[in-house]
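We just call them A, B, C and D in the order they show up, numbering each chain from 1.
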Amino acid sequence: MILLVLILILFFAALLSWIVGVKSHAGSRWIALCSLLLNLGIVTGVWVNHPAGTGRWWYQYRVDWVPHFGISLHLAMDGLSMLMLALTFFLGALSVLISWKEINSRVGFFHFNLLFVLCGITGVFLTMDLFLFYFFWEMMLIPMYFLIGIWGHEHREYAANKFFLFTQAGGLLMLLAILGLYFVHAANTNVYTFDYFDLLNTPMDPAMARWLMLGFLVAFLVKLPAVPFHTWLPDAHTEAPTAGSVVLAGLLLKTGAYGILRFVLPLFPAAAADIAPVAMLLGVIGILYGGMLAYAQTDFKRLIAYTSVSHMGFVLLGAFAFNEIAYQGVVMQMITHGISTGALFIIAGALYERIHTRNIRQMGGLWLRLPMMGSAAMIFVMASLGLPGLGNFVAEFLVLLGSWQANHLLTVLATIGLVVATAYSLRIMQKVFFGPCDRQYNMPDLSGRELVIIIALVIVICWLGFHPQPVLNTSQQNIDYVVR
Amino acid sequence: MFPALIPLIPFVSALLLMLGWKRLSRIAVTVIGCGSIGLSAFVAVLIAIQFAAGGEQAIVQHAGNWVEAGGFKTGFDLRMDALSVVFVGVITIVGFLIHVYASGYMHEEPDYARFFACMNLFVGAMLTLVMADNLLLLYFGWEGVGLCSYLLIGFWYKDPANNYAARKAFIVTRVGDTAMAIALFMLFQFTGTLRIPEILQSSTHIWSKGDPVITWIALLLLGGAVGKSAQLPLQTWLPDAMAGPTPVSALIHAATMVTAGVYLIARTHTLFELAPDAQITTAVIGAITLVLAGFSALVQTDIKRVLAYSTVSQIGYMFLALGCGAWSAAVFHFVTHAFFKALLFMAAGAVIVALHHEQDLFKMGGLKKQLKGIYWVFLVGCASLAAIPFVTAGFYSKDQIIWLSLSAAGGHTAFWLAALLGALLTGMYTFRLFFLVFYGDLKTHVHHRPGNSMMIPLYILALLSTIAGFIELPHTLGHVTLFSNWLLPVLPAVSVLHDSVAMEWTSQALSAVLALSGIGVAYAWVVWRPKGMSDFLEMPALLWLRGFWSRGWDFDKLYNILLVYPFVYLSRMNKKDLIDKLYTSLAALMQWCHNVLARTQSGLLRWYILGVVLGAVAILSVLIWRIYI
Amino acid sequence: MSFVDFLSLGPLITLSAAGVATMLMVAAWRNHRIIYSCTLIAFIMAMMAVIPAIKYIPHTYPPLLVIDEFSLFNTGLILVAGFIILLLSFNYFEEREERKEEYYILLILATIGALVLVVSRHFMALFLGLEILSISLYGLIAYLRARERSDEAGIKYLMLAALSSAFLLFGMALVYAFTGHMDFPGIGAALRQAGYLPVSVMAGFGLMLIGVGFKLGIVPFHMWAPDIYEGAPLPVAAFIATISKGAILVLLIRFYQDIHGNDYPMLWWMVAIIAVASMFAGNWLALTQQNIKRILAYSSIAHMGYILVAFLSGVQTGLEALAFYLVAYFITSIGAFGVVIVMSSSLQDAETIADYKGLFWRYPWVATVFTAMLLSLAGIPLTAGFIGKFYVVMAGVNGHQWFLLFMLVINSVIGLYYYIRLVAVMFAVPANGEQTTVVPALPIAGNITLVILTILLIGLGVYPTAMMQLIQQMMRILV
Amino acid sequence: MNVHPTTAGMLLAGVLFVLGLISILVRRDIIFMLLSVEVMLNAAGLAFVVASSHWGTADGQVMFIFILAMAAAEVSVGLALILQLYHQLKTLDSDEAAKMNG
């Protein structure tokens, strides 16, 4: 039941903040913020004292929806979902905070969309019914489309359309795969159902399994995104408003990774094992290619966007390494990337508010004016190049350590990716904060609100870096299951 | 007493300084910055005494878990054993002195707090590195010092050149780190752990001598080491790193961080013993590096760059020693080198400040009268670096290496000759520097004399770099082996093959003579016949050669052409992301289809009728085709 | 003619009576409101008349007509659709100065034609229904005489319709010549007997396909659609898009079932090719089209293609999917046209994309409705269109029509582009220059209708079960 | 040569039909187009009659009556529209009626 509540809170908060937003902007902001904090509270509460001994699944909720097709409103929460939800609400709350000053037009509608996206994402992380999954998967696109298309930068429509078409194309293939699975299962057992648990270990002939698996995989690779399906991402991230970029990078990409962990591997273990080398290769290509592109960019947000491509490569690499260490790394990477990249986007947004450009050629020497923002940026840049003591290091190290067991060559290449990461990360610091300050900006350093956001992020990333154990333990059960 | 305190104190103070930022007064910063290091030095000494008294193998403190996932388990375990004690001692004591010096050197700096924050952070990371009980924690320190070196090289961030130097340093060392990381993966794969003691003692069971796997592992570790210690082929970053403030050069790029590679190899010596090829590689790298760097140091015009190259060369000696299996000798040279190189850097810094941030050797000269104190400490430092027989620490440590490079199990005549050549070069470049600075006629006038906060550390270091040698004397003279005995529980004694006193005498004599003759040449070159020498040096061939050497044998150019330019070029080319073209062209195709079809919607009735008729014809013809053909 | 016959034909008879009545009334006394309300009442009564008919199904009128679940369901559907279109019509014509009254007569007649098509099981009934529909449509399309485009559209439709019915008739003649039957079951039986499909019959089917294809507006008989949609009065366009196509589709299904079309791969192939062609042609044509009416026309071409996929899947689910899709499609396109109607001023229809720029910030409600409709056409969740598309894909997978499905997927993506483009236009933030203060109020009736449609749309999208069960019962007889 | 009368009739109808088709393709005058459509309709009617005579049933002939009725209705509406159009375009050239395209 509590799971349904999580979704409903967001849903109604979305409507409410829209209605209120017509009258008062602050009102809708507060409503959005409170609803997200409430959810965050609930989730943390769950985390701290979830019913012990219930095994892998802490909570389940199931009612029929379209019995005609064997579709049910089936929600369930395990460690993985829990972590993802915590991340979702955390970043969600932050993205409301960062929009506080940035978004001044159509505030109510903005928060409606923001909360609606988060609602969809929550659903994706919770649902255990494939139809429902597809339902939420599609549902979160439209509001995201609006977030980019209405409050974005210059080329917002192009970016929004691209994002929409790519993800839709992937989604439709997944729909085919879902239905294929549905009928294969029905053919074997005569039970027509979309229920995840029933569909698990459905016997099917390898060829069929491969095609269905590919159907799922493509959808998730597009979302992840993996080369060569990544080209929507830079545009979308660049053009979106800061909150949009944060949600995109921090959460939407994670739905792809989550999908791989939750569906591709458990549903089609054999087929996935067959495709593994290719997938890992894609991951490595992503790491290097993304890094190379990131190095070349001059648009701050675009640069960060490409770093996401590079980082998500690790997720793909680890997910198909088929061993526990790698999976732990993947989960860590999902979370830490959400934090670090989100933070970088926030900083980029804060800079944009101050100097109204994203072109790093026109920046430089900003440390003089903005030492605090500079230090924050330094921390997250270091995180993105995988400095020990910050979360990303743990994640990437575990991924590499695990994938080494699976494939030496690819792991070596991926490790070389760390050097590339160093190159582009340091480039950020050098171009933006160091060097001579030719222009005479006079601008305030981080305001109190921004400081709160940044400090929260810093604390989390350091906590993950020094004491990741709680997270690792939480994802443990689920991972044992996947590995089996 | 908890070993954890030793790194923790600097970390905490660094945190304080960061948070305090501008709000802290200069005094407070100084107190926190230097005091913390002093404190941890004090703690270190206490623990060292406790350890010495206790007499157990090592004091290990488990300060909490770090990562535990699927059979992989590491914690914040700190280890105090003979080797760590040596390193911790040097780091804290020398570090403390340098901090005190820095408080004087940097006192005009506006960003005073940031400087000390980074310095403390560095000390903390370095201590973690040398005290780590598992390789992951070591890696943590390893990267940490890299970060601090980056931050401090680029400390004066307004000048892009500094940032480039900093970036270069970080990236080049990162290349080495990558190799090391892979070594870690392999070690975990085979031993199932990253705890150093476990690895060391299980390694002998797992691998036979010369097993390719262990060779790979050792080589990869070596890769990490050469990266940090600026050895061939990754030595290019160190000279540029001199862009940082002088205390930084003294602490990070002379005394401590750059010797991390030495520590790593010494720490994992068991693995290297299992992999003779890797060990020989180490020796070869050391030998070549020390010679190349020596030549480069000979022709530098920037005072700090001379010292930088000499550092590279001296670390080359240490690697040579490690390669020959003379573990303790290497560590011994590290200790003495830490003393006199820190001394030299800080003295040079004092000179630079005195001449109002003038670093060009040829704008100096005749400072003997002006800066008496500095003159003397500088002399001591140079003497020790050039290994003047009997009185300097440098002599004993280096001489030991030279001798062992011939006589030790892993030794070889070629190594020996290289080492001797190195001794000659050392003498030459050291005293070329010395004479250029203090003799000849005054070129730039002294505007400011260093205060006590800068001089006292110099005196102390001068003292140390003289007496430190006497804790380990060759058995030709005295035969004191306090140091190697101390390290014995960790590092096995070197196995000397042909142990003849006569040969050792000759070796020592030879090295001494070479060193002195080097000094002679330098004297002739700079003081006695500057005119003739310069004429000789102006010869075109030599001119080119000097340029070549001073550019560090053009390694930078090589790497730029081989790696940097291609990468940058490719990424610039591909800025727009070729793959995107694929999709855009797909969209264009759709548009084209639209245009074509839109033309059929002409609005003419006849067209539409024609369409219907064509449809009919198509359907019927399909029928006919299916049925009759 | 027995009592039961009367009851079963209730809807048809009611409407016919209403037709006559209205004619007389117009002759006597012209008044827009009155005739409008009379027509409304007539439709309501007709809908009522469906209920008693349910009791006696299946009931046949050999050889011409058959009243069974399937035909009753579609009768209801058509009547409801007609009713809604009627609701939307009033303001539209009120604002225009021509004589309005005959419109309602023609509308009733056209509806009658559609109803006849739905219940027919014989060539003659088919032909009669078709022609009643067509001829009244000529009048309806050209109704706004003041508009030049209206006449042009009328002429085009007339010519092509006549041509296509000529093809249809000739096809029928061929079939009849071979089988000797004009009622579908008879034809089916005869063919079964023959055990093969002789070329003449095959040709006959081919020619009939042209006639049907023309009304459905599928490639290559689709070219009229955009011009007619553009030229015709909006309610009429809605009528053509939904009722006339729906009725023909129902007929097609019945015919196909009765002659056991699945036994003849040839037929399957013909339809399959046409389906794929329609999808591509429709979507490509709509891609950067600037006129909303034409966009809707093209998108309807594509949607016919999707529907045919369900039709071709050759499984029970396919027919259910088809019926559901039809319902969703009816709601959606009437809704879309409804928005255009509501937005149109008396001077001219709001048909260019430019008219909708920033609509959301002027008429949030209307824009939301239109967005919902477009998303439903695009098949995005929370709308009936999504369930419909899902159902169709499901049928396709069930029938293993992987090729057709991939075509469908590709086309959905292409289609998304122009739907989302429209949405983007509506949400485009108006530049600071243009002032959006003065906004004329919109007709109440239209808005109410839109509310109903939107509720239906979302309702079906969120809880489709009830409708599905209904449809399942309706489809039982066809297998 | 003797062809079965039904076949012959059918062929005749076919020929008529095609003739109508051709003429509608080549004509641009709307009136003539309408005429040629009528020809095609009647061809279909003829086919029906032939078929019904072949089977000895009345259905085909009934159908023919319907066709005639329908054709009449169509022509009447058609002529009305054409008149309307002529008022606007002052011509009967169908190509003039091409305001809508794209």
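Just so we're on the same page, a contact is a pair of C-beta atoms (placed from the backbone, for glycine too) under 8 Å apart; a residue touches a chain by one contact, two chains touch by 3 or more.
Keep in mind that this is a model prediction, so the values were computed, not measured.
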(message) Between A-C and A-B, which chain pair shares more contacting C-beta pairs?
(response) A-B
(message) Suppose each chain is reduced to the average of its Cα coordinates; what separation in Å results between subunit A and subunit C?
(response) 43
(message) How many angstrom lie between the centres of subunit A and subunit D, each centre taken as the mean Cα position?
(response) 65
(request) Give, as an integer number of Å, the spacing between the C-alpha centres of subunit B and subunit A. (result) 38
(message) Quick check: how many Å separate the C-alpha centres of subunit B and subunit D?
(response) 96
(message) Two-or-more-chain contact residues of subunit C, please, as numbers and ranges.
(response) 155-156, 159, 163, 226-227, 289, 417
(request) List, in ascending order, every residue of subunit B touching at least 2 other chains. (result) 598, 601, 603, 605, 609
(request) Any chance you could list the residues of subunit D touching two or more other chains? (result) 24, 33, 94, 97-102
(request) Check the chains against each other and report every pair that touches. (result) A-B, A-C, B-C, B-D, C-D
(request) Please give the residue numbers of subunit B that touch subunit D in the complex, ascending. (result) 598, 601-606, 609-610, 613
(message) Quick check: in the complex, which residue numbers of subunit C touch subunit D?
(response) 123-124, 127-128, 131, 134-135, 138-139, 142, 145, 148-149, 151-156, 158-159, 162-163, 165-166, 169-170, 172-174, 176-177, 180, 182, 226-227, 230-231, 289, 291, 294
(message) Per the contact definition, I'd like the list of subunit C residues that touch subunit A in the complex.
(response) 361, 375, 380-382, 386, 390, 393-394, 397-398, 405-406, 409, 412-413, 416-417, 420-421, 424, 427-429, 463-465, 468-469, 472
(request) Provide the residue numbers of subunit C that touch subunit B in the complex, in ascending order. (result) 155-156, 159-160, 163-164, 167, 199, 202-203, 206-207, 209-210, 213-214, 219-221, 223-224, 226-227, 266, 269-270, 280-281, 284-285, 287-289, 414, 417
(message) Taking the touch rule as given, give the residues of subunit B at its contact with subunit A in the complex, in rising order.
(response) 18, 21, 64-72, 136, 139-140, 143-144, 147, 150, 154, 157-160, 163-164, 166-167, 170-171, 174-175, 177-178, 181-182, 184-186, 188-189, 567-568, 570-572, 574-575, 577, 579-580, 582-583
